[in-house]
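Look for subunit A in each of the two complexes below; its partner is subunit B in the first and subunit C in the second.
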Partner chain A sequence: MSFAARRTGLATRLGVLLGLGVFLVWSLAPVVWLVLSSFLTQRALIAQPPDLAPASFTLQNFVAVMQSAASLGHGMLNSFIVASFSTALALALGAPAAYALARLSLPRANVISFMILATQMLPGIAIAIPLFIVITRLGLIDNVWTLGLVYLSFNLPIVIWILRGFFLGIPQGLERAAAVDGAGPVRTFRYIILPISIPPLAAAAVFAFIEAWNEFFFALILTRKSAETVPLVVAQFAGQYQTVFGQMMAAALISVAPVILLAIIFKDQIVRGFADGMMKG
Partner chain B sequence: MPQVELRNISKSFGSVTVCHDVNLIIEDRAFVTLLGPSGCGKTTTLNMLAGLEDPSAGDILMDGQRVNERSPVDRDVAMVFQNYALYPHMTVAENIGFTLRMRHMGRGEIRRRVEEVARSLELGPLLDRLPAQLSGGQQQRVAIGRALVREPRVFLFDEPFSNLDASLRIRMRAEVKELHQRLGVTSIFVTHDQEEAMSISDQIAVMSKGRIEQFGTPEEVYARPATRTVAAFIGNPQIDLASGRVEHGADGLICRVGEAELALPAGTEAVAGQAVEVGVRSEHVQLSDTGAAARVRLVQPVGPATHVTLDWAGGTLTATLPGIARLAAGSATAFAIAPENLLVFDPDSGKRIGGRTDA
Partner chain C sequence: MRAFQTYERRRRSAGAAFVAPALAVLALILAYPILDSIWLALQRVTLKAGQVERTWVGAENFHRLFNDETALRAIFNTAYFSIAEVVLVVGIGLGVALLLNNAMGRSGFFRVVLVIPWAIAPVANAVLWKWILNANYGVLNGVLTSLGLIEHNQVWLGTPTMALNVLLLVDVWKSIPFVALLMLAGLQQVPKVLYRAAYMDGAGSFQTFVHITLPSIKTAIAIAVVLQTIWSLRVFDLIFVLTRGGPADATVLLNFLAYRVTFNFLDLGYGAAIANLVFAATFILAIIYIWLLKPRRRVAAS
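Now for the complex of A and B:
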């Protein structure tokens, strides 16, 4: 690209800004509404239009949620176990698999990679019922480890694809140097490839963790009480006769807090990881 | 016994053959360069020697033993890569010591050997730095250190200086040559820079299109090129070639190029009427009052010598004259070439059929 082409006109720049603005509003509006409504009284919330007068704001929703803190805490603990378990397994299995697919001369590596991605194309509902039947028959229903394994089956392909893209971009010279230095594929992976792959590993981990943390549908089908995760607990604020929106939003806000925290802590690594990973998908 | 030998080595990637029937014998303690333009198969040849690529056909021998199936580490070779290939997350000391760690050597012994190598390469103060904190020259030194610490039987260098600036390249060249003189370890060096090859090697294998065109000392490939390709690749300024026809002259065979007549060297394998190509190095062109007519096109003084570009019946020709030559562009002149300095090639096969047979 020449320098002349880089010097974009004012109109173009305004257009880009406008586009980004629309995108931001589109993405953030639900979050803003979530935060606002968690602080509004039920009456102000269901008024048409919603009553945003200072008097309508209250901490009552959070107080109420804290009164049922036991179930929210239980849900968060379950979510944490399920998400950590499935993320850890996805990385432990996905990283070597991605490396093998990217770098070792496996026959039909591209076909295998595509088939791994193709598993993601099935709608969840298509496998939900067979999965439910199998898991019930095995007596593994309402079990955090079962749910973790189910999430692993969604997360593993994504982790493999993120990491494979990154591994494809690593200069071959490093592996050749390691081979001449006396390291086989396993030791090359362990001592050279893994240590330089922290950003994409972090990106993949955060991605997998968030997916597992937020998942609702399979958790609803495969758990009862003891293994219920945070999204299910939040949903229970929708009562049989009346949905207490404010409390539901307060609970939702509390439940997403750890994930947002995680994303902020690993922000740089996520951005770098995805940028590297997507370069050669 | 030759230390490294390639026997009928061929290498194909799919339908593309990059090495054709390569044969090479490298004696113990020699410094041999594989020289050629990019894509000539020199790096592939080096990778096959290292064990990083498998030959499609042929045998690789080290100390008389076939090593085709041996892993790089079992061949006891060390390699310096074009892009250094330093491990970015390891310090200089860890980079150099990695290969010893892979051999399960004790920490104390690793530290002792790393420090010894670092001292010899003046890397001592940099041992705790990461590669990103080093200059290009320092990174290349670390890469050499990583090869040295192994005390290997053979050193392989894959265009190690191509990313360095000109002055650093010349300094590193001298360092590697001194290193070879001191350690006497067989070294195989790949480069596309003919001047680098000439200055550093005991022997040069000139490669083109996956074949070895000529294998000889720097003097041999320069003064007695086996083919037109070798003659054209070696030497700066490049050799000038002209097409002509062989005739009988007063004192033996001559080559006629337009109006000009050039006496052919004794022993040229050609007959009257045959088409030939003649070539001459610029230092062998002498400006004179008699001889082939020419016109001065360009005068380029470079300090110790002056390159004069001439237009003549055969095209253009460069003469290198000592010192600063005062010549005007556009002026008429004439040149002569001593018959023994003329190189004669068969235009079809490209093989040399006349010219020097001595040094």
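Now for the complex of A and C:
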């Protein structure tokens, strides 16, 4: 029996159980309702109370959403391109930069790192107006690649920060041994450091992908019809079809399903990589 | 010794090459827009036939900001929203973290429960709550009525004060998981030996919490407070989907106002001035955050 269990009395344990129960209901009830609603007919949803009989369940909402808003598929594709492009670039640029800031005795490496961390927190509006002016002038508005590049403004800093935390913890002996064997910094990074960094690279990638997939503000101001991403499509859909509740929920569910799956699969990496990373310098 | 110096020098020059591309990109998409944003706020900007015309007006936009009733109201709303959100999210987040740090709450299942609301796109979350809060058929009215807590259906987003508080509630729901994870990370760093010592001294759960747990995680709490404040200053998607700032501008927060002035009213200079206000607040908070991170590193080094 663990130390904590031995110490706590029955009353405390009941209290904890109750607390956990409340927490579960509070966190999951809205999500469960999202899933249930998307499978229920309009008649069942507007009944008071909602009619949860087996006959009320249907796949019609999903079929209707994919047909009526053909833009949902289009939006998913755009989101996938933007998020993948932005994530790949953030890793390609961020991994070497994080390694250099953590290990390669750059002057002022800490100051640079903290500046990068600070910029990650900026609200989009702080950079949106000049970016909008420049991108409009260059005729690059409504372009998935432009949007992917702009997403580097939050993805690159966060990737650098997550990876830097990991690189700081690598024992020096590893690099020294590589140097004794005649490997320069580039080869050391490529053949020694990167192969042992797969888990943090995956965590950073998942994190960046989710952030880019969910982003709304820049997508709203920098895209029109052809590059619109899935949050935009869902927001518009919920405006136009706001009384067709089941379809509204089906659209929302389809749009979040990919990243929720990712988050569940990589939950431990996300927790370690980001939550812990934000707590230490 | 010479060999080591060469080693260090080679590492440093490789380091410069490694970090340069990332810094160049950040200069282009972050540093330049930030500086130009400050510059724009000092100008009157008009769009004529797709061309941007910029005229220097000095502090006029800021002068206007502090005499504009909508903006002042937005500042007040933002302050209220942020303070209330931080208190609620950090308070509840700490409670959740304590529960999950308990032997019964350690299962990986609970971490799944935490990452789901976090991973849901803010837009999808807003759309979900639009349905939950629906005045005629929404499940919130249904549940509260059957529990006998309200007598007739409420129009949750219909009146100014109610709308702002309901938005607050929705954002609190979405924000708790991550702050709970932050707190959990802090709790797990408290040395077990402290709890054992408190137990030996006959301290009860409450005393242990006040004298051991709270002092040990006060930095974690401070970090959560600062980060949550920063995050609540950037709430946008929720307002855009649920209220568009209404009713009667009651849910116009500064971030949303900057967007509306810039992209709906096309008043780019004034929009930049409002954006600068959000930027300044965030920047100060970010510096406080970094300052909070530092003492821990000194302790670790010594």
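Annotations for the structure displayed:
The rule is short, and it goes like this: the second predicted complex is superposed on the first by the 205 of 281 C-alpha atoms of A that agree within 3 Å, B and C clash if a C-alpha of one lies under 4 Å from a C-alpha of the other, contacts with A are read in each partner's own complex, and residues count from 1 in each chain.
Definition applied: a residue touches a chain if its C-beta (ideal position, glycine included) is under 8 Å from a C-beta of that chain, and two chains touch if they have at least 3 such contacts.
All of these numbers come straight from a predicted model, not from anything done at the bench.
Judged by the touch definition given at the top, the superposed model places A:52 against neither subunit B nor subunit C. Of the two partner chains, both subunit B and subunit C are touched by A:179. Shared-chain residue A:210: touches subunit C; no touch with subunit B.
Once the two structures are overlaid, the count of subunit A residues touched is higher for C than for its counterpart among subunit B and subunit C.
Contacts of A:138 after superposition: neither subunit B nor subunit C is touched.
Contacts of A:97 after superposition on the shared chain: subunit C is touched, whereas subunit B is not.
Using the contact criterion defined above for the overlaid structures, shared-chain residue A:271 touches subunit C, although it does not reach subunit B. On subunit A, the surface touched by subunit B in one complex and the surface touched by subunit C in the other have residues 179, 184 in common.
By the touch criterion stated above, subunit A contacts subunit B in their complex at residues 171, 173-174, 176-184, 187, 191-192, 195-196. Residues 47, 50-52, 71-73, 77-79, 81-89, 98-99, 102-103, 146 of subunit B are the ones that touch subunit A when the two sit in their complex. Partner subunit C is touched in their complex by these residues of subunit A: 2-5, 7-8, 12-13, 16-17, 19-20, 23-24, 26-28, 30-31, 33-34, 37, 45-46, 48-50, 93-94, 96-97, 99-101, 103-106, 112, 114, 116-119, 121-133, 136-137, 149-150, 152-153, 156-157, 160, 179, 184-186, 189, 210, 213-214, 216-217, 220-221, 230-232, 234-235, 238, 242, 245, 248-249, 251-253, 255-256, 259-260, 262-264, 267-268, 270-271, 275-276, 278-281. Residues 7-8, 10-12, 14-16, 18-19, 21-23, 25-26, 29-30, 32-34, 36-37, 40, 50, 52, 95-96, 99, 102-105, 108, 110-124, 126-132, 134, 136-137, 139, 142, 146, 173, 176-178, 181-182, 184-186, 189, 192, 195-196, 199, 205, 220, 223, 227, 230, 233-234, 236-237, 240-241, 255, 258-259, 262-263, 268, 271-272, 275-276, 278-279, 282-283, 285-287, 289-290, 293-294, 296-297 of subunit C are the ones that touch subunit A when the two sit in their complex.
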